[in-house]
Amino acid sequence: MHLWGQIIVNGILQGGVLGISALAFSLQWGVMDLINLAHGSFQILAAYLALTLLNSLGIDPFLSLPLIFLLFFAAGYLLQLWIINRVISANLFMTLLLTFGMDFVLANLMILLFSADYKSINTGYANASLHLAGIELPVVRLLALLFLIVLSVLLWLFLEYSRTGRAIRATAMERESARLMGIKIPAVYALTFGLGSGLAAVGGVFFGLSNTFSPAAGGPLTVGAFVVTILGGVGTSWGPLAGGLILGLLEAVGSVVFGPTYVNVITFGLLLLVLIIRPTGVLGRAAR
Amino acid sequence: MVRKSVKLTGLFMAVSLLLVAALAGCGSQGAKQNTSNASAADTITIGAPDAATGALANEGKLVHDGYTLWQDVVNKQGGLLVGGKRYKINLVFKDDQSKPDNDKSLTEQMITQDGIKLFLSPYASPNIFAASTVAESHKVPMIAAGGGAKKIFERGYKYIFSSYPYSGEYLGSVLDLLKGRGIKTVAFLHADDLFSQEADQGGEAYAKSHGFDVVYSAQYPSGATDLSSQLTQIAQKKADALIGTGHFEEAVQLVKQAKQMNVNFKAMAFTVGPTMPAFAQNLGKDAEGVLGASLWTPDLPYKDDVFGTAAQYAALYKQSFGTEPDYHAAMASAAAEMMGLAIQKAGSADPQKVRDALAGLGTVHLFDGSFTIEPNGSIKGLVLPVIQIQNGKAVTVWPAPFDKNIKDIPLPPWSKR
Amino acid sequence: MSKRVNYALFAVVVLAALLLPLTSNDYLIQVATGIAMYAALASSWNLIGGLTGYPSFGNVAFFGLGAVLAAALSVNLHWPYIDAALAAVLGSGLFGLVLGLPLLRLRGHYFSIATLALAEATMAVVTNVNFLGGGQGFSLPLLGSGKIFYYLMLGIAVLAAAGTYLIINSHFGNILLAIKSDELAAQSVGVNTVLAKSTAFALSAVLGAMVGVVYALWQSYIDPPTVFDPGITVFMLVMTLMGGAGTVAGPVLGAVIIGVLTQLAMSFSKNASSLLLGLGIMAVVLFLPRGILGVHRPAKGGERRGARPLRG
Amino acid sequence: MREVGKSFGGLQVLEGISFSLTEGSITGLIGPNGAGKSTLVNLIGGADRPNRGEIYFHSLRVDHLPVWRIARLGLVRTFQVTRIFNDLTLRENIRLAGWTGGLRGRKLETEVDGIMQLCELETKAGVPGRDLSLPEQKRLQLARALALKPKLLLLDEVMAGLNPAELDRAIQILRVLRDRGVTMLVIEHLMRVIMGISDRVLVLHQGSLIADGPPEQVVGLSRVQEAYLGRRYVQNRETAAANGSGGVSGC
């Protein structure tokens, strides 16, 4: 086994898991300037849903993924339309408060629904891996990376070339002008939050496949999404991919060079540095 | 200027007064309820802040169930026999949301508003630290079940007791087992919290003094989700065994990633993790052969008057809660039982008398084993078992004679499973 | 006239708070200590978040650092606690001042994340430095009755509220509000905004650290996950926004409401207390979106800035 | 100001700008939209840094000083889009500037009163910034700048959107200021204003200075008219002049 080759691969694959979890967070932040503190709990809820479908109906998570995406899309759409839109224009931080409350509610609901037990989505291939030239490639992590790349491309195509996508981008750039152009802002926001919720669900299923989870696991996921989004840069479809890879590689290499106990020092130290030197992230637009 | 207007300050006053009134009202309501219970004069009330929600909700529930089982069994037997009279046990639980801060206020609330004078602890060392300071300052005894941090007992407190041995002793039995199985090199990986650090330091010291070669030792931040690079490194060091001291998620993650990375060990052992039924459920057949440092198993040959044998305890537990008990639950039941013994010895539920009785219990024999209560409130002498996952179940493989149950050490490589 | 009534009300509130221990209900005192603590913390957040318009997500760093430094100095170097506390408060204030310089160049969400990273990085460093207790934390001797801590926390809370009042009605307060309205314009009228912001940040840090040093002694055991819990910052923010950001009484009111709601939720429900609390917060946001005191000023002149487009 | 250049990304916004202002004069800066006028003000005021060149105020180089230092030197600017302090009252807005201008106590209050009177804002003293009307905000901006005791005032379209009466009043104020010895660089779209008050006019077009001189002279230059009004207009006019049918009168 090549030590460094394997460690680099580990970092890249962890980057996929981190990135796919941040995709939704980045989208919601970029378009609506909304920081969704319940993001992690959304993901955990999706993992529970996939697990329930697997255990009770025997549907493989990858088969149920489209269904889960749609369910979360619908739920997110309605949540934004009925609740979040009521405060989103009032003040930046009211949405923070609202999603903070939502996080409490979701986390506690999951305890009531699924108990506090640790779960993981344990399919036959969950711990399998491919061997390639002396390097181990865990299947689920590899798929997470592939999904992240594909979803990033799809998201980019959607935002760049579809009519709806362009409306979303216009809204993100200049809300007032977009409204004057006849774009229905509440509908665009609902769509964005729905899309974000669907993407969060996809990330959540991957988290459930690659990690153990419990209702309380959402908080660290939200913080992780924060870090990845900033590292990659808010407001680009490729940000989560870039941020995920940077963070994954950094943690993998840093934890070997300095010892795993310094991983957080490195991660957050670097985050601070990036923010101070280039606050728009690696791929973000130049400072305004 | 509208920054601070009279009207708003008035509103502020009114709202605060209303809320304080509500709080006081609620508290006194609780107190009334309990005094009416106590006025029946045949009930002993014991308080227990517990983690029903939050990050510790999982273990919190096990502890909660362990306490509850003792209450139910004792009450079914007609109550606790104290000085010839039977008293019903009434356990009062309050959710601390897994936060130590709340343990302080809840313990305070139960002592001063609800008039509760006997306590079982919340789960986890930091929470026990917090709750025990309140118990100490009110001079009411608290028995801890859910944290064996040595630091808890090094503070010179007089009202804190425990059913747990020190965290640093958890790994002794595991290493004894490995010693006899030709394991020479071990890798230690531990989380950065108090419990994990103490357990790891105890384990590493024991390993070095017992002829093991510690080829790798590292600390990772609690909640780490990717330890694959550490496993890659350990593989390079050719460690025979991996000993992980952290939390449940991390133990599961280490086994998952060891398989994914195709890192093979002759043995894998964890402090927290394998003993919980969720471990085998989460990992399926990949959990096979993994060792767990435990504090109790249903196979142990001990018994007492309340629960009967360890096996009978397990049956009772399963009947009540539908799952097999793990050591968290059993140790909680044992802590509750210690409280019962002390009350009986004291002949009353008076907190000072119960505390003195606890301090003077000496060596006790319960369904979880025989142990001695030390002057600082901790316990000594408990023989710690080791379990191994076999066919998805935790099987006792230590101490002797259970070592005949050991299977698959050295473990077959992942490719041969 | 209205000012006089305000002073009178302030005096009545403080007097009532001072007399609370006469009820000799220790539980009430315990809860009140927690509320006073959060009132002080929320007021400290209000200085940088509410007045200056810089939404910090990392103020817990100062609280935690204060607690850890005081404990480290008193346990490891055997300093008298009062000396250790003073050093810890000064140290944390300096820490805030120095780190404020680069961080306060960032705006909006970027500042939020940077401060969050600051808090997490501080925790990670503390966890790895044995002198600061490492991951094992410190246990401190248990001190007398809870009343002492109640008065200490109340003292800091009153100090924080009075300080906020003085600042709001001073030239410095005007500078902070000007920065919140429009920072470039503030610079253009000759305001050294960097100095003003850093001062506000450092004051916020000093207050946070004061609470931290008292907290360490009150809890008698502290470890990094407890004193650097990001949830503590979130509570400061939630309480301030709920009560009314940029006001004197807002953070205090928010602390009282959330503190009492938390206790009520825990008494009423065994396993759904977080759910009730969460619903309570959502209800306040939906029905009182401008904070309870209703004079909440939207951050940065009411405009939602910093929205960035998604691009390929 | 020497050889100042500024580019954003690949876009060259200003190129080789050099000029100096005479103390106590009013200089008009004109140019079509996008000519770089506001960028120039941002560079002088310190809100932006030039990529090339140097800017001096008296003999002090200011192009790398922070905005607030420049303001305290007496080099004061206003903004094209009004930027006032919404959370402060009108009086506090002005007083803040007076304070950083070095005034304290009684003197400060007297000065603030005087400025409010000059700008006819005394009735609005207690109104929060956000509740002022647009003309009031514009005048407040000017008042705030005055409280700093400016030596050089950069006025970026302070008169846009005012009605004729308000306009006259504003011009009046500028004249009073000039009489007090304040140097001014006035950016304005309204030719009437520029022509009426400027001692000298600078014309900026596509990032370069294309004319510099007394107003009457500058406005007569064909390259200025071309920049402003388009080539065809100038051609028409030249044809018309050739035909002997008179010219335009200012605009």
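Going in written order, the chains are labelled A, B, C and D, and every chain counts its residues from 1.
The rule is simple: contacts are C-beta pairs under 8 Å (C-beta built on N, C-alpha and C of every residue); 3 or more make two chains touch, one makes a residue touch a chain.
Here the structure is a predicted model, which is why all the values come from computation and not from measurement.
S.K.: What's the farthest chain from chain D if centres are computed as the mean of the Cα atoms?
M.R.: Checked the centroid distances; the maximum from chain D is B.
S.K.: Using the mean of all protein Cα atoms as the middle point, what chain has its own Cα mean nearest that point?
M.R.: So the chain sitting closest to the middle is C.
S.K.: Write down the chain pair with more C-beta contact pairs when A-C is set against A-B.
M.R.: Here the pair linked by more C-beta pairs in contact is A-C.
S.K.: Which whole number of Å gives the spacing of the CA centres of chain B and chain D?
M.R.: Spacing between the chain centres: roughly 73 Å.
S.K.: So what's the Cα centroid distance for chain A and chain C, whole Å?
M.R.: Measuring from centre to centre gives 30 Å for this pair.
S.K.: List the centre-to-centre spacing of chain A and chain D in whole Å, with centres computed as mean CA coordinates.
M.R.: From the centre of chain A to the centre of chain D is 48 Å.
S.K.: Mind checking the centre-to-centre distance between chain A and chain B? Centres are C-alpha means, answer in whole Å.
M.R.: Spacing between the chain centres: roughly 34 Å.
S.K.: Please output the residue numbers of chain D that touch at least 2 other chains, ranges allowed.
M.R.: Residues of chain D never touch two or more of the other chains.
S.K.: Would you mind listing the residues of chain B that make contact with two or more other chains?
M.R.: Where chain B meets two or more other chains at a single residue, that happens at 2, 52-54, 192, 219, 221.
S.K.: Considering chain A alone, which of its residues make contact with at least two other chains?
M.R.: Residues 107-108, 111, 261, 263-264 of chain A touch two or more partner chains.
S.K.: Okay, in this complex, where on chain B does chain C touch?
M.R.: On the chain B side, the touching residues are 2-6, 8-13, 15-16, 19-20, 22-24, 26-27, 30, 52-54, 93-97, 99-102, 104-106, 108-109, 111-113, 126, 129-130, 133-134, 136-138, 151, 154-155, 157, 191-194, 196-198, 219, 221-222.
S.K.: Could you list, by residue number, the parts of chain A that touch chain C in their complex?
M.R.: Per the touch definition, chain A meets chain C at residues 27, 29-33, 35, 37, 83, 86-87, 89-94, 96-98, 100-109, 111-112, 155-156, 159-160, 168-169, 172-173, 175, 219, 223, 226-227, 230, 234-238, 261-265, 267-269, 271-272, 275-276, 279, 284-285.
S.K.: List the residues on chain A that touch chain B in their complex, please.
M.R.: Contacts found on chain A: 1, 3, 6-7, 10-11, 13-14, 17, 107-108, 111, 115-120, 122, 126-129, 131, 136, 138, 141, 210-217, 220, 248, 251-253, 255-256, 259-261, 263-264.
S.K.: What part of chain C is in contact with chain B in the complex they form?
M.R.: 2, 5-6, 9-10, 12-13, 25-31, 34, 124, 127-128, 134-137, 139, 141-142, 144-146, 165, 168, 219-221, 223, 225-226, 229, 244, 246-249, 252-253, 256-257, 260, 262-264, 266-274, 292-295
S.K.: With touch defined as at the start, can you tell me which chain B residues reach chain A in the complex?
M.R.: For this pair, the touching residues of chain B are 52-55, 57-58, 60-61, 98, 192, 218-221, 223-230, 232-233, 235-236, 248-249, 252-253, 256-257, 259-262, 276, 278, 281-284, 286.
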